[in-house]
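Structures are listed in the sections that come next.
Paired with chain B in one complex and with chain C in the other, chain A is shared by the two complexes that follow.
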Partner chain A sequence: MASGVKPRVKTPKKATAGEAFTIKTLISHKMESGQRKDKKTGELIPRSIINRFTCEFNGTSVIDISIEPAVSTNPYFQFDAVVQEAGDMVFTWYDDDGSVYDTTKSVAIG
Partner chain B sequence: MGMYLLKTTAFAAGLALVAGSAAVAGEDSTLTINGDLTISTAAAAPSHLENIDEVVSGWLFRTDETQSLQMDDFDNPSFVFVDIGIDLWEAVDGTEGKSCSSCHTDGPEEFAGLTATMPRVDADGNLETLTEIINRERVEKMGAEPWKYSKTKMASLTALIGLQSRGMPVNVAIDGAAAPYWERGKELYYTRVGQLDIACSGCHEDNYGVMIRADHLSQGQTNGFPTYRLKNAKMNTTHARFKGCMKNIRATPYAEGGDEFKALELYVASRGNGLTVETPSVRN
Partner chain C sequence: MEFSRRETIALGLGAAALTFMPFRVDAAAEEVIAAFTGGADIGEGGVTVTAPEIAENGNTVPIGVDAPGAAAIMVVATGNPTPNVATFNFGELAGAQSASTRIRLAGTQDVVAIARMADGSFIQASAAVKVTIGGCGG
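What follows is the complex of A and B.
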């Protein structure tokens, strides 16, 4: 497991049904591209990135992103969503090494 | 926001304009963070400054995109490092089995205002930086190894402590016991060095607002340090930045944590007396 990985999500506490709101996400991750060489040994440093990010709301997919090695460190995604009822948003990041990081945010309708 | 670029370019184009508008802060000179913390990014120059009427934050010299990163703590990449700082604050290290929080039970909030007055002269008459205080505490109280001067751990913890002073005016002492260090720093600031034979003042006093190839020269204020730079995606300390400047003018940099940079840190901080602490800021 890569070190120092910490998911962060910012959603509004309350959303209006049928109106778009903005979600910001960031996961701290070094995103090792697999293209760099170790300066001392000359060996390639193995790729270690977050390769997929998803967001689900009450079981429905909101966004599903595949991430490639060119994405820089600490990948940040911002997107808009529309919900019709209150519920839980589940954010999931998939690491090359098999680790899965997730975090959940409740969205209320107000 | 982009207005500042135009205004300062005009400064360079006509000397009459410099005298006319330098003392007036533009209407776009206000930085609001998280929608509620308003930071004044320009102030009347401290009285010891002979050649500048108004001191302005480096934030004003950046592009709209970079400026907006600093206007929301979620967007500000520095907060990844502030989080590392929080973890380090709680991390037990050294032979005494202590962390920062073992003694400082009120949390980093205890140090509100500290960064605004650093560096300062200690009880023995020596100039000390926040970095040196942290390392002294690590060695003497925790029995731990000191951290490297500008590496991630130190920069993250100083960013966390600096954040507690955000919104407060920079106010370093330059008189009394600090005077000889300040004079030394001032001498360094105006001394030409390196193959290109440039002093700090050559860019940051005489030519701020001007493009130096692709870079927009600021006044070189340190009110936002340690700062996240987009170019290297990490926190940058003042001493690391001084080092970078010296390399740019093809000079041999002084040592990080050395007497020269400590004196320069004091002098440069004093040039920003009256500006607001923005730590942790975002720059390019």
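What follows is the complex of A and C.
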């Protein structure tokens, strides 16, 4: 499942050193739980989800989430981060099929 | 493998003790929680679960967890076919030990959050959510 996957992240462009700010992330993904049945054939639709999400800032972990099928379609996460210097925030999503989606946002201090 | 009468009685007592756990969660959820805590005792307080009292659509139920000083928080939906929901591991740069997301709930149930604190102890809290339409496609 690599079609139509689009990560979206909202971070502030500028942050104050040592002060927490909120990050919102969303990735479009159908998150097939493996519980649903195909209405025509009656067979189970195989599981296909994003199983892990990480956020790192200059190589240091902010959050690392392991995700199970009970997370909704288009998984959305909101969390807080605190930084001391300017740098790049890297967001990575790991798909069941081995695909890895990532996006980077730079955060300035000011 | 055969059980003697004594062993059978001991097993029965153990099973009875399990059913009288203070927190009413079913067996599958209990296993998931035990795997996370390693069988350690779980305290109360210090962790908050934010969830709506009534969710009209079980496919997207907004929840939030907050546990100051936690290293990780696991969310368990006790009434789902697979009770695991997600585990949040907070890194060094986490601004607060809180996060929110949207989850699927199969029906009316308790959502439990268990936090592993920095010192290795565990605390938990739960929130009851009424679900009008379940979110597991059944």
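By definition in this document, the second predicted complex is superposed on the first by the 109 of 110 C-alpha atoms of A that agree within 3 Å, B and C clash if a C-alpha of one lies under 4 Å from a C-alpha of the other, contacts with A are read in each partner's own complex, and residues count from 1 in each chain.
Just so we're on the same page, a residue touches a chain if its C-beta (ideal position, glycine included) is under 8 Å from a C-beta of that chain, and two chains touch if they have at least 3 such contacts.
Since we're looking at a predicted model, the values are computed, not measured.
Participant: Put the two structures on top of each other at chain A: do chain B and chain C fit, or clash?
Facilitator: fit
Participant: Check the residue A:Ser72 against both partner chains and state whether it touches chain B (first), chain C (second), both, or neither.
Facilitator: Touch status of A:Ser72: both partners.
Participant: Which partner does A:Phe57 contact after superposing on A: first (chain B), second (chain C), both, neither?
Facilitator: In the superposition, A:Phe57 contacts chain C only.
Participant: Specify the partner with more touching residues on chain A, choosing between chain B and chain C.
Facilitator: Per-residue touch count on chain A favours C.
Participant: According to the stated criteria, A:Ala17 is in contact with first (chain B), second (chain C), both, or neither; which is it?
Facilitator: It touches nothing on chain B or chain C.
Participant: Using the superposition on chain A described above, determine whether A:Ala81 touches chain B (first), chain C (second), both, or neither.
Facilitator: After superposing on A, A:Ala81 lies in contact with chain C but is clear of chain B.
Participant: Quick one: is A:Ile109 in contact with chain B, with chain C, with both, or with neither? Answer first, second, both or neither.
Facilitator: neither
Participant: Is A:Arg36 touching anything from chain B or chain C once the two structures are fitted on A? First, second, both or neither.
Facilitator: second
Participant: With the two structures laid over each other on chain A, which partner does A:Ser28 touch: chain B (first), chain C (second), both, or neither?
Facilitator: first
Participant: Please give the nearest C-alpha separation between chain B and chain C in the three-chain superposition, to the whole Å.
Facilitator: 5
Participant: Across the two complexes, find the residues of chain A that touch chain B and also touch chain C.
Facilitator: Touching chain B in the first complex and chain C in the second, residues 72-73, 76 of chain A appear in both lists.
Participant: Name, in rising order, each residue of chain A that touches chain C in their complex.
Facilitator: 20-22, 33, 35-37, 55-57, 60-73, 75-83
Participant: Which positions of chain A touch chain B when the two form their complex?
Facilitator: 4, 6, 8, 10, 24, 26, 28, 72-74, 76
Participant: Which residues of chain C touch chain A in the complex?
Facilitator: 59-61, 64, 77, 80-96, 98-105, 135-138
Participant: In their shared complex, at which residues does chain B touch chain A?
Facilitator: Going by the criterion above, the answer is residues 74-75, 77, 80, 83-84, 233.
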